[in-house]
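This report refers to the structure that appears directly beneath it.
Chain lettering (A, B and C) follows the sequence in which the chains are written, and residue indices restart at 1 in each chain.
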Amino acid sequence: MNLATINIAAILPTLVLSVVGIVVMVAEPFVGEQKKSNLGWLAFAGTLAAMLSLVPMANNRGQWYSNLWIVDDYDVFLDFIFLLIAAITILTSMDFLRREELNHPEFYSLLLFATAGMLMMAASNELVMVFLGLEILSIATYVMAGFRRADLKSNESALKYFLLGSFSSAFFLYGIALIFGATGSTNLLAIADALRSSKIQISLVSLSAALILIALCFKVAVAPFHVWTPDVYEGAPTPVTGFMSVGPKAAGFAVLFRVFLTAFPSIEDRWGSAIWMVAALTMILGNVIAVVQPNIKRMLAYSSIAHAGYVAVAFAATSDRGVSAALFYLLAYSLMNLGAFAMVTIISRKEDKLVNVTDYAGLGSKRPGLAAVLSLFMLSLAGVPGTAGFAGKFFIFRAALESRLVWLAIIGVVTTVISFYYYLSVIVQMYMREPHDEFSDVRLCGSLKFALVISAAGTLYLGLLPTRVLDWTTTAALR
Amino acid sequence: MLELILFYTFGAIAVISGILVITRHNVVHSAAFLGATLFAVAGIFLTLHAEFVAGVQVIVYVGGILVLFVFVIMLIAVERSVHERQYNKQWTIALITSAILIVEIAYGLYRGRDSLVLPAVVPPAAAAAGGNSEQVGTALYTSYLLPFEIASILLLVAIVGAVVLSKKRTPAEE
Amino acid sequence: MVTTFHYLLLGAALFTIGVIGVLTRRNIMIILMSIELMMNAVNINLIAFSNRLQQVTGQVFAIFVITVAAAEAAVGLGIVIAMFKNKETMNINEIDLMKW
């Protein structure tokens, strides 16, 4: 390879994020203590610039950098989701960091680097690149989870996330090493070719596929690899929890789809049933355990496990329709879950003290606006018609039925009904319980309002007019 | 014959000190045995003619990571941890899980060992033409240029993360 | 004759030792060391395959793995120190504010 094959446009969004991340850090000493939140706006502008640079990237489709980097519609759509997640998380954390007196702009840098890692994961055509992207995302997220250093809960969250994360990374690596030995390559297309040529002993390939699957299941937190999730989500600073519940999850699924549908389609009979069981178990466990959680962050943690189960249903469908439904669902879920966590950030107040579902009692009469927005997110997470959650679930179950996964669709519908119980209990608290709190110290500043408006508008738009986005995901899913 | 002796010597050192790493009560002893394992693994790399990686293993792993471990062990009290409970209460479940894992891996490797004979094997003479470091360097700066650059972001994230986590706390945080 | 299979078995043995260490030990430092053992096991596999296939790429991957191991060790030890400042223990079962 010579210098001529370097294509800046193909990696432009990643480059923009990394450069802005560095600029934010370098600029910190030159900015006064009072103006540090302006660096948050700089980081926000960085995500917008990266979104704009998706346009030149999309014009450079194909494989670049010795076939390590791939630009296609799938990649562009996922990058859009990741950048949206980063933008909303930055808006949510600006006020949070000021409130908690944690105003270190490194937070934004880490968030931008983590997003760059997600972009790499989606665009990688090669397992070692996937691994590097995954590690950038994970390491940045470990640190963000432990960002409230003086709080033992935050330390514990970071430590548990780190131990489980690096443990699963080692499994992922072992899988890569074995597939490299079996096929002589880690390029996804080369692996697929090698598997088709049939000279390879299948048990070695299945072993490595299993190791990679286990590692990614840890990362996206599906049962039975979900046990770390509630503790990590509860202890992390709330905006970080919001980010963790959507970012690494979406990126992990992006890799799962890309790796298994590109490299391992010829041994689908071996991993298909595993996905089936994972999806069923995840939906059941996530939704049932969420019912008994008094802490709203733990409740949303189990809810996020359950939602990963729905995406796994789309994965089990192993069709273009399934991938398209999964992409739609990831976008819808990201918007509504980030919105819900933005509300939790607002209500929890200083030091994340008020995080029980009962702390929301009477919000409807004291702050009707906030209660209405939170109700929208809860209804959408539950999957009420007219919201993004309903549209997403509908497409997923339709894809499952088309692939004859009748039982999975039935389990999905039944567990959705169970989920109404815990989502609606929040709404019941807000509107039907006597307030024991005036909510007078609930501040709502501009950036948070902005985050809520984006998530709420997105949730409604995807719920009421899903066709345009669905067309986009359909083209993105075509391989 | 020499290669057999070397393999078994290094392999035995790696495995035995690996077992000692996870069974010692004193963390300092574990760290010392980890060092032995790392050196033995570097030796294994040498028997596979990967001289450059063997050097990196010694410089980065032993000289960097292991020293970091020892620093942290010195920084935090070790006396108390020697007298604490050393193993999880669920250690039986853990051992059963590990046993299942090793059986699966061994079975997979055993069944797949024939497929490890791959087509298109370059004769060693041609491969050795450039010298190991030169080959690695060429691959790193041409085909793997992009991951090489990405690794620099990874290291940057790790530096920033480590500094953020351990720098002096502001009065507001205390 | 030493074959690639020998090296794979050595790698599998080291990997399993690492897994057992992570799952059974309670001392955080030893758990971190066990994760390093797992990474080393992977590197043995990669180098063995690199030798078998006469491709230098396996060695390049091993260098990336060492890079990642260094980054993870730095951040992991940073987390341990941050926690130790708040609570002086190395025992993972004492870290149980939230039920596991």
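Convention: contacts are C-beta pairs under 8 Å (C-beta built on N, C-alpha and C of every residue); 3 or more make two chains touch, one makes a residue touch a chain.
Please read all numbers here as calculations on a predicted model, not as lab measurements.
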Topology of the chain contact graph, where touching chains are joined (line, ring, star, complete, other): complete
B-C or A-B, whichever has more C-beta pairs in contact: B-C
Rounded Å distance between chain A and chain C, as computed from the means of their C-alpha atoms: 26
Inter-centroid spacing, chain C versus chain B (mean Cα positions, whole Å): 6
Separation of mean Cα positions, chain B and chain A [Å, integer]: 30
Touching two or more other chains - residue numbers and ranges from chain B: 105, 109, 113, 116, 118, 143-144, 147, 151, 154, 157-158, 161, 163-165
Junction residues of chain A, two or more chains touched: 128, 132, 135, 139, 142-143, 146, 149-150, 158, 178, 181, 184
Shared-contact residues (touching 2 or more other chains) in chain C: 4, 8, 15, 18, 48, 52-53, 57, 64, 68, 71-72, 75, 78-80, 82
Of chain A, residues touching chain B in the complex: 1, 6, 11, 18, 22, 25, 65-66, 68-69, 101-102, 104, 106, 109-110, 113-114, 116-117, 120, 128-129, 132-133, 135-136, 139-140, 142-143, 146-147, 149-150, 158, 178, 181-182, 184, 199-201, 203-207, 210
Contact footprint of chain B on chain C as seen in their complex: 1-2, 4-10, 12-21, 23-27, 29-30, 32-34, 36-37, 40, 43-44, 47-48, 50-54, 56-57, 59-60, 62-64, 66-75, 77-82, 84, 88-91, 93
Residue ranges of chain C in contact with chain A within the complex: 4, 8, 11, 15, 18, 22, 28, 31, 35, 38-39, 41-42, 45-46, 48-49, 52-53, 55, 57-58, 61, 64-65, 68, 71-72, 75-76, 78-80, 82-83, 85-87, 95, 97-100
Partner chain C, residues of chain B touching it in the complex: 3-4, 7, 11, 14-15, 18-19, 21-22, 24, 27, 30-31, 34, 37-38, 41, 44-45, 47-50, 52-53, 56-57, 60-61, 64-65, 68-69, 72-73, 75-78, 80-81, 84-89, 91, 94-95, 97-98, 101-102, 105-106, 109, 113, 116, 118, 121-124, 127, 132, 135-136, 138-140, 143-144, 147, 151, 154-155, 157-159, 161-166
Residues on chain A engaged by chain C in the complex (per definition of touch): 128, 131-132, 135, 139, 142-143, 146, 149-153, 155-156, 158-159, 162-163, 166-167, 169-170, 173-174, 176-178, 180-181, 184, 186, 227, 230-231, 234-235
